[in-house]
Structure formats: structure tokens, C-alpha cells
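Sharing a structure below in C-alpha cells format, with a few things to ask.
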Amino acid sequence: MDALVTVRGVTRVFAAKGGVGQVHALGPIDLSLPSGEFFAVVGPSGCGKSTLLEIIAGLSEPTTGEVFFDGSRVGGFVPRGIGIIFQDDASFPWLTVRENIAFGLKRRGVDALTVRQKVEEALKLTGLRQFGDAYPAQLSGGMRQRVCIARTLVLEPRLILLDEPFGALDQQTRLLMGDELLRLWRETGATILLITHALDEAAMLSDRVGVMSARPGTFLEVVTTRWPRERDSTIATKPEFGEITSHLWALLRAQSIKSISETAAP
Amino acid sequence: MRKATWIRLVVIFGAVAALEAACRLGWIRRFTIIPPSEMAESVVRLFANPDVLSDMRQTLTAIAISLGAALLIGFLTGAFLYAVPRARRIADPLLATYYSVPVFVFYPLLIVLFGLNAIPKTVIGFLYAFVAMIINTLNGLDRVPDVYWKTAEAFQLGRWDRAVHLILPCAGPYLFTGAKLAVMYSFIGVIGSEFILSSGGLGYRISFSYNNFQNDVMYGLILFVLLVVIVINMGLYAWERTLMERRGGR
Amino acid sequence: MTSASAGVRPKLERAGELAVLIGLLLAAWQLMHHIAGDIAMTTPLETIRYTAKLLASADFWPHFETTAKAFVIALALALAGGALIGILLGFHRLSGEIAEPILVAVYSIPKVILYPIILLVFGLGLVSEVAFGTLHGIVPVMVFSMNAVRNIKPVLVRTGRVLGLSTWSMMRTILLPAAFPEIFTGLRIGFSVTLLGTVMSEMFGSKRGLGFLLMNALGVNDVQLIMSLALLLVTFAAIANAMLMAIERRIYRLK
């Protein structure tokens, strides 16, 4: 099966502040995501995970290498068919939940009837049906992220990129949102790339986990979890979960120490 | 009603009542201040006075023009400066010191340039107001969260769509603050100029009645202007509060 | 990369940008003169020359003294009075809450229309001028001082109590220094606004002072004098404000 996303030899280098020298922020990265896969990326702070996501999305350009999405080269703009969920709350406080979700559809000129239909579906899918007429300010952080997810899902993306989407939430909400994400993944059949610093989250949710080194980030190893498609947070009780998580930490520990000592130096 | 609110009402009412008593008892000469009740009567009588009505029209027209220009040009200039950081850096010292300069010192110059008509005071109103709009436009645009710019790209928004459907609503509250200040400064600029020297308008009528010892007309006018300004400001504050409540202060 | 090089380049750039700004303003001025003609305006160069002459003439200084005297007294009253009242309003929550809308309302009205009342009460002369200048300046100082005190972090008060300080001593050593930067901003704004009020009061119903001189020049169509006075007042206000802002930045950085 042809991969939905192919990343070949991507690096990102930019000029250092003050104009002296360069910062090698990322790469080289090679990655291939088959359609329908749930792939997580973990790595120490500053290793370039977010940069990688932005390059795959088309939000920024790589210094070398290329990205292919659905057969075409990605560059300069975000292709249709890619949805992005950010860590910061991107919901629009001046619109109701319904209006937020309808936003992308309306901008594309979809007719009102179809918009209403799809928004209702998305509300149901993300469990927001009662809150359709509420404003984001009245909702909790987790619900607001759900609004952002609904707003993205309603456009039926084939690839969904999530950059630490649950970072601002407490642990229990995170776990529940993780279950939600799995459910949405199964129901939409989309390919998912999740960036997270939480090893348990990566281990629990994904088919494969890419472990990145400290800056400049490259893939040290890609761990395959072999979980069945029908899964939820209760797989945390299985012994394999513990093994996978320990393995991830074993790989990451040295990298994290390295990354912290680098940022601490003057 | 909150405790502070009714105490405030009591204080204001008490002050007015005390003034009324002091005037009626002769402690304050009529020549200096007339009783508040007579001030109120005078306000009502103003509306029967054709000269005053014409002045009101003049003043409001000048304010409307200077305000409209200030909002439009202020906003566009702010947007321009935001888009061109170099220009913004150059303009920055000017913006920072602008309101420290007594704008009214330019009034005589404007009269020399345009004559003693409605133009100089309208220009002063504009000059006083438009920079507040620039500063608040910049402030609002600065505060558009980074994630919104990325979200715009994620939805493949064109520049127009992004500006109208994302940036403007996001910066809305700050634009509103700028507009509020612009209203205030337009009033001050126009009426202040009319007062110093003019051929018409409410400010002119106040100085005219002062110079002609028409205390009742003068106090009526002063009270009228105060009431109009206060009511408009309270209205704007209240409107702003309802807009912000939905957004939860974002 | 040393910190020295990181600091010098921005300073040079900033000076360059300031030069561009001043250059643009002068160019705009020159252009306006070109359009409006000699009967309406003087060029930057002419204005500067005339100003030098003006400062050398004996007629100028009595008017300057009038304005300066009124301004300094009004400033003292506005800054001291405003800060004192503002601080008290800040510490006593209820009073502050009661006063705030009133202060905001006073700030938003064209205060110049209250001037006839001041003249009727105090008569023509220095007292009225001072009263008017003070009226202008006291409001922002009050508002900023009040907010400065309100914004004092509660943890500072708790620290003071833990150290066993008396209320007065706590205010003196911890709270007021903490509030000082914001109070200073109010003082800076109060400075500019008091100047505006003082000059404006002279533009109406006065026989002396720079404001009077300005309106008088208009009456006899002395364009050179009009521009010269405008230049003097604008330059003074801008430079004074710039200096105060530099001090303010340093105060905030120490915090």
C-alpha cells in the first residue's frame, strides 16, 4: 500500500539569533506513514518535534528534503486533506461552538444546509451536542480542544496532525481525551500523527512510536506496539504496555539529560 | 444594586442638594453659580433656542466627521504600521510622545491656514482622536495569538478572509477601546476648540454666554454637554461589557 | 557573541530610525509650507531663527514666567494631591470603587468648558490658571495611583505581616516601592496634561502667558510668532516626556 505521507531527508536549519552561525534544529528525518495509521512522535524538549509537524503540514519549509502527502509534494501552503490541532487553544471566543465548527465549511462556500448537517454530525461525534450554542469561554479546556477537533474533523481530513493537543489538560482529562481520539480515529479512518511528550500517551494510543533524539532531532528508533485497532486506555493494564513505556524511556532518558544540559549552558 | 453604586448615588445626590441649598440660602452668589434646579430648567429651555439648536448641529457634525475620519484613518494606519515593522519602529517615538504634546497649540495655525470656520476644530478633533485609534489597533493586532495565524493557514484562508473573519473579530475588543477613546477625544477636541475661538458650536456658545454674563444659558449649556458626554461614555462602557461577557475577557 | 555587541547595534539602529522620523517630520513641514505659502506658515529654518530671536527679546520672558509659575504650582498640586488621594483610594477599596466611575467621567469630559465656572469662582488671574491646570492633571495621577495600589500583589502584604512590620513601615518599605512604577506613569501623564491645561487656560480669558501670546499672535496674524510658540511648546512637551519615559523605563527595570 502506498504511504499517505512520505518524509525524505528533511532537515531544518536556520540562522542563529545575532546572525552568527546556524542552528541545526531538525533532521535528517525519514518517515513513511501508511494510510490509516496512528503514529506518535516522542522526544526531549527542543528536539524539533513541532518543527517536524509544521513541515509535514506545509506551515514551514524544510531546508533540505521533501514531504509528500497523498502523492503530491507539500510546500508553501497547507494542502486540503490535512487537519491540524495545536497545543494552544485555537477556538474562537467570539463564535458559538456551532459557529466555530462551521467556520472552515463556511469559508469554503459550502451551502447552509450541508453545513448544518455536518456540524450536527460533528457535535455528535465529539460529544458536544448539548453545548452547541455555548461560547468557548463557558467551556473547560478539554471541551475547547474538542471544539477545535470537531472544527477540523468536519472537513473530513485524511491526515490529522496533533501537536501536544492535551498538554494543557490534567492527567485524567488527558486519558479520557485519548480514548476519544482513538474512537474518532476508528470512526473516520483518518491517519493520525500525534506529537506528545507523555510516553504513556504515545504507548497507549499509537500503532508505532517514533523516538527522537535531542537536537538536532532524528529518529533513534521506531517502536511498533502491535495493539489491535479496537483499543482504549484500559490497555494500560496489559504487561506489554509497561514494556513499551520502559523501552521508550530507556531510549529517551539519555536524550533528555543531553537536551537539558544543553539548554542550561550559558 | 451594589453597595458602592448606591453610596455613589447618595454622594452625588448629596453634593447636588448641598449646592442647591447653598445657592438658595445665598451662601453662593447668583453671579457665580446658579442653583442646580435652575441649571436643569435652562437645559430644557435650550431646545427652544434656535441659535443653540444650530450650534448643537454644528458641533455634532464636526464631531461626527472628525470621529469618522479618526476611526478609519487611525485603523488603516495602525494596520499599515503592523504590516510594515520598519515603519512602525520609525513611527514609535512619535506615537509614544504624541499625547504629551498640547494639541491645541496648533489651533491658531489651523485657523490661519483654513480660516475661522468649521475646518480647524474638525482637524483638531481628528488629530486628537486618530492616534488613540492607531495605538489600540496596533495593540489589538499584536495580541492576535500565534496559533490563530497558523489556524488561518490550516484552513487555507486567503488574506481577505483571514482579516475579516479571524483577525478583526479577534482584535475587536481593542478596536472597540480605541473607538471609545476616539469618541472621547473628538468631543474634547471639537468642543475645546470651539470654546477657545470659533464662529459657532456649543463650545463657542458657552464662551459667548460667559462673556455676555448670561449665566443661566451658560450653565445650561455646560450641564447639557456634560450630560451628553457622560451618557455616551456610559453607553459605550456598557456595550463593551456585554460584548466582552460572551467572550470571557479574551 | 558578547553582550556588548548585542547592545550597540540596536542603539545605532534606534538612533537612525529616530533621525528618519525627525527628517520625515521636517520634510512634511517644509512641504506644507510649500503648499500653504508664507502668509500661512514659516519654514522649519525660519521658525528656528525666529525662535532664537524671540528667546533673546525682553518681551517674551514675562509671559514665559507667568506660564512657568502657574505650571509649576499646578504640577505640584496635581502630582502631590493626585498621588496622595489616589493612594488612599487604592488602599480603601470601597472608596476607590465609589470614586472610580466619577473619575473616569471627569477624565472624559471637555474640561475646558468648566473654565468659566473656575473664572467665576476664582476670578481672572493666577489662581484660576493654577486651578485649571491642577484640575487637568490631578485626574490621571489619581487614577494611576489608585490602580497602582490595587495591583500590589497580596503576597507582598503577607510578607510584611510575617516580618512583623507596622502598617506605616510596611507601606513605606514594601508596598509603596512596589506601586511606585505605576504611580510614576501617572505622574508622567499628569505632567503633560497639566501643561495642556495651563496653556489652554491662557488661550481663553487671559492677559498674560504663552497661551495668551499665542492667541494674541493669531489676532494680529503674526504667523512667525504663532509657529514659533507652537514649536517651543511642542518641543518642550516632547523632550520632557521623553526624559520622563527614560526614567520610567529604568524604574520598571529595577523592579
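Every chain is named by a letter (A, B and C) in the order it is written, and numbering of its residues begins at 1.
Rule of thumb we're sticking to: contacts are C-beta pairs under 8 Å (C-beta built on N, C-alpha and C of every residue); 3 or more make two chains touch, one makes a residue touch a chain.
Everything quoted here is computed from the prediction, not taken from an experiment.
S.K.: Relative to subunit A, which chain's C-alpha centre is the most remote?
M.R.: The chain farthest from subunit A, judged by C-alpha centres, is C.
S.K.: So which chain ends up in the middle if you average the CA atoms?
M.R.: B
S.K.: Report the inter-centroid distance (CA atoms only) between subunit A and subunit C in whole Å.
M.R.: Centres of subunit A and subunit C (C-alpha means) sit 53 Å apart.
S.K.: Whole-Å distance, subunit B centre to subunit C centre, using C-alpha means?
M.R.: A distance of 19 Å separates the two centres.
S.K.: Averaging only over C-alpha atoms, locate the centres of subunit A and subunit B and give their separation in whole Å.
M.R.: From the centre of subunit A to the centre of subunit B is 48 Å.
S.K.: Note the residues in subunit C that touch 2 or more other chains, in rising order.
M.R.: Residues: none.
S.K.: Where on subunit C is subunit B touching in the complex?
M.R.: Residues 14, 17-18, 20-21, 24-25, 36, 39-41, 94, 97-98, 101-102, 104-105, 108-117, 119-121, 188-189, 191-192, 195-196, 199-200, 203-204, 214-215, 217-218, 221, 223, 226-227, 229-230, 233-234, 237-238, 240-242, 245.
S.K.: Mind listing the subunit A positions that touch subunit B in their complex?
M.R.: 54, 57-59, 77-78, 80, 82-84, 86, 88-90, 92-95, 103-104, 107, 135-138, 152
S.K.: With touch defined as at the start, can you tell me which subunit B residues reach subunit C in the complex?
M.R.: 3-4, 7-8, 11-12, 31-33, 89-94, 96-97, 99-109, 111-113, 184, 187-188, 191-192, 195-197, 203, 206-207, 210, 215, 218, 221-222, 225-226, 229-230, 233
S.K.: Mind pulling up the subunit B residues that touch subunit A in the complex?
M.R.: Contacts found on subunit B: 145-148, 150-151, 153-157, 161, 165-166, 169-170, 172, 246-250.
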